[in-house]
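Quick heads-up: structures coming right below.
Consider the two complexes below, in which chain A is the common component and chain B and chain C are the respective partners.
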Partner chain A sequence: MKEIRKHLRVYKQFAKICIMQQLEYRANFIIGIGAECAWLATKLIYSFIVHQTNSTVGGLSPDEITLFIGTFILLTALYTGMFMMNFFFIPHRVRGGELDLMLVKPISTQFHLTMREVDFAIPIPNIIGGVITVAVSWSRLGLEAGFVQIVTYICLIISGTVLTYSIFLIPYLLSFWAVKVQAVTDVADRMWDFNNMPMQIYNNWLQRLGIFLIPVFVIANFPVMALFENLPLFYLLWGLIIPVVLFFAVKKIFDFAVKRYSSAGG
Partner chain B sequence: MKIMKVLKKYAAIFKLEMQAKMEYRMDFLMSLISGGFTVIIQLFLWTAIYGGQAEEEAVLFGYEYSQMVVYIVMAAIMARIVATGFEYDIMSDIMEGNMNRFFVQPVGHMSYRIVGFLGAKVVENLMAIIIGSVLLIVLVFTVGAEFSFLNILVALAIAPLSLLINAMMFYFLSATSFWLTWGWGVFNGWGVVTTILSGGIFPIGVFGETIVGILRFLPFQYIIYFPLNIVVGNATRAQVFEGVAMQLVWILIFMGLSKLYWRVGMKKYIAARG
Partner chain C sequence: MQIIKVENLKKHYDYYQKEQGLKNSLRNVIKRKKLKKEAVNGINFNIEAGEIVGFIGPNGAGKTTTLKMLSGILFPTSGTATVGGFTPWERKKAFKMGFSIVMGQKTQLNWDLPAIETFNLNKCIYEVDDAVYKKTVGELVELLGVEPLMKTQVRRLSLGERMKMELIAALVHRPKIIFLDEPTIGLDFVSQKTIREFIRHYNEETGATILLTSHYVGDIESLCKRAIVINEGLLAYDGNLSDIVVDSTIEEAITKLYENGENGGGTG
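Right, the complex of A and B next:
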């Protein structure tokens, strides 16, 4: 508990330093927000199209699909704000020997390497866009989700965030073994977009693949399915357990990878 | 004699960039694979949307199902064909003071960049065309896509103009680095806007008639939407001529604007770190 509190305090300091650094270059900060607005538009186009065609996709109405998209946008805010930049920097830090300094700090090296950067510009449009999209589709659907559904939704958003961390960190850990990993990480990053639409649009084998083998569908689909009371108990348990299992698996992989670190570039 | 000398100089730049890019063939293939994920999402989406329509052969936004599938698959390929990337090199040249060499080298910056870019694209684009051709054949047998050989030839003939519009547009934009220390956000954001408005994700018809009417006078749709509309057989002969004329006009506009913008930008250049 003491360790957790210490790391939370350190994280607060990381966030403080990052916001100060980012606001020093205000033009870049504002342009970053503008660029992310364009990415947000690419996500919302999907909602626009299902509304334009008034399509029922996989038994879901356009407003129900929009609720999935809104949740995906919210999770994108968490991913881009907390993890994305850290992951991008891993190959550079490993290759350049910057990891040396992190190894001697009195905090977890994994925590330092993967949580050091907090981005404030990219999540802003996603938080605003995500909240508005979820709120509008929620009210249009006239959802009267009870306390249990809402708590489950939030719990699954949190577990989805933990799962995001674990799934998308693994490809970057390859940089401990290979010099150039961009091709692999690019492919892995694009998998994130599979959550842009509800998994019901995909066929059965792809759904199973995305739930059990590489559980990307668990991230943004399960919270909304819980809201619709459409999440089987087994899936609910899977959605809560698999993030924990993968988190500890990633920790093991990380520890193993660090043992291989030779500080060649340091 | 002088012309021959100039041509020889640019042929050397072209060849050098082409050879340099050949080393990264795998990177390009991997980028096609990752781009393929977006196509998979869309394939499932459009299959579900068309499948849910009451009429058997529904036409949405001017496209039958097979045409839509061809469009989204080819849009992913076309987006790779026209993709630039030199704007980031220019940004780093300006930031690091590496523009200095262009003051002493007997070559103009714009011609050096554009010729080098075209050289770098040769191998990539040949691979893209081969993969695109294979995919077209697959689509004939899987979704019953129909093509006119002539349309494909016309689209291939105008594709270099699409590539040039995009290249000139990003060359123009890259001068922004004279004012911004870190132009990454501008290039990234503009790249996404261009992809959307050029029809790189969905055909621009989905945005409605008003937007399509406005886009007719802007450069974007002539980058991806226009050549692909020829491939799927949705462009009349008059539209083809109008489109090619617009492509040429926009290339000239961006060339002129680039000259002006770069001249102003160079006055800001301080060769920091150079």
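Right, the complex of A and C next:
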């Protein structure tokens, strides 16, 4: 418990340093927010189009699709704000030997390497946009917004975030073996876009693969399905357990990978 | 008390060579001939608590690799070592809390912010009390004369100023064992002198054990009574500096040891 509290304090310090660092380059910070607003707008255009044409996707109504889009925007904010830059830097830090000075610090090396950078410019518009989109579509659909629904939704968002961390970190850990892994990480990054639309647009086999083999569909689909009361108990349990299992599996892979670290420059 | 013990420590790397040209790049895609580099090849030494020892050798001799093994950054191929009673590559928290490494060619400072932000981060990472932190940083800042630079972003500091900040960042938690890997590399004469004086003062004040690598004879001569010379992964000399400079300058004596090492004259 003491160690968890310490790591939370260190994380607060990381976040503080990152925001100060980003504000040093205010033009870049503001342009970053602007660029992300443009991305947000492209996502919201989907919602606008389905509403205009009154189309259904995989049996979902325009408001249901909008709730899904809002959830995806929210999860993208968490992924880009907390993990994405850290993951991008892993091959560079392994190849350039920057990991040296992380390995000697008395905190978890995995935490240090994968949580050191906190981005603020990218997630700000997405968190605001995501929360508003979810709230508006939730209310338009007349879905119950009681304690149980809100807690279930938040729990599945947290599970989705843990799952995102685990699934998308694994390809970057290959850099401990192959040093440069851009080809693999590019494929993995494209996988994030599988959450762009509800999984109902894929056939049954693809849905099963995306739930059980590489559980990428669990991330954004399960929180929304739970709100529609359309998530079987088995799926709910899977959605809560698989992130924990994968998180510990990734920790094992990380511990194994870091033993192979050969540093650089002597 | 022996605080660092190294026994038959080896680090071998696998690597492959690439012949010149596109044809060989294509050939490499299919088959690579694995080669072995014996960066450190069975060295032994012990260091007493409170000593400052010069760890010297030509480029590629295995100095940094040894320091990285003693810091727990690298796993050895074989051999044993204890640093402050711990096996470094087990990477235990208690071990990490008690030592520090400064690498002249690597930085832990945040480039875009004043160095004080890194000191604050280290305070949090090393669980240093507010009062102890204020006192330690205050003393170190004064000793190194960097008060006027505390609001300057690291990217705007000169190399010498940056190295002073690196030293403070590494000493926030008052480590008892310090590895300094070329801390004066690229510095002008005045900065080198300031850093040497600081290292000596820190050692006298705290009794910290310091293992120092440097290519500057001045560093070794002014700080270390004892030198460990490594060449091609083998120990070429371990003893008092004064014993090897009887009838020659220190540069000549060390060069001779390097040459002996190249001819297979290691004692390690």
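Please note the rule applied: the second predicted complex is superposed on the first by the 263 of 266 C-alpha atoms of A that agree within 3 Å, B and C clash if a C-alpha of one lies under 4 Å from a C-alpha of the other, contacts with A are read in each partner's own complex, and residues count from 1 in each chain.
The definition used in the following text is that contacts are C-beta pairs under 8 Å (C-beta built on N, C-alpha and C of every residue); 3 or more make two chains touch, one makes a residue touch a chain.
Bear in mind that the values here come from a model prediction, so they are computed numbers and not experimental data.
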Which superposed partner A:A27 touches (first chain B, second chain C, both, neither): first
Chain B versus chain C as contact partner of A:N230, first or second or both or neither: neither
Partner chain in contact with A:S139 - chain B first, chain C second, else both or neither: neither
First (chain B), second (chain C), both or neither touched by A:T42: first
Contacts of A:I201 with chain B and chain C, given as first, second, both or neither: first
Dominant contact partner of chain A by residue count, chain C or chain B: B
Contacts of A:S55 with chain B and chain C, given as first, second, both or neither: first
Touching partner for A:L101 - first (chain B), second (chain C), both, neither: second
Residues of chain A that lie at the interface with chain B and also at the interface with chain C: 25
Residues of chain A touching chain B in the complex: 25, 27-28, 31-32, 34-39, 41-42, 45-46, 48-50, 52-53, 55-58, 182-184, 186-187, 189-191, 193-194, 196-197, 201-203, 206
Of all residues in chain C, those that touch chain A in their complex: 13, 60, 63-65, 68, 71-75, 91, 93, 96-97, 99-101, 103, 105-108, 110, 112-113, 117, 120-121, 124-127, 153
Contact footprint of chain A on chain B as seen in their complex: 26-27, 30-31, 33-35, 37-38, 41, 44-45, 48-49, 52-53, 60, 180-182, 185-186, 188-189, 192-193, 195-196, 201-202, 206
For the chain A and chain C complex, residues of the former touching the latter: 6, 9-10, 13-14, 17, 20-21, 24-25, 97-98, 100-101, 103-107, 109, 259, 261-263, 265-266
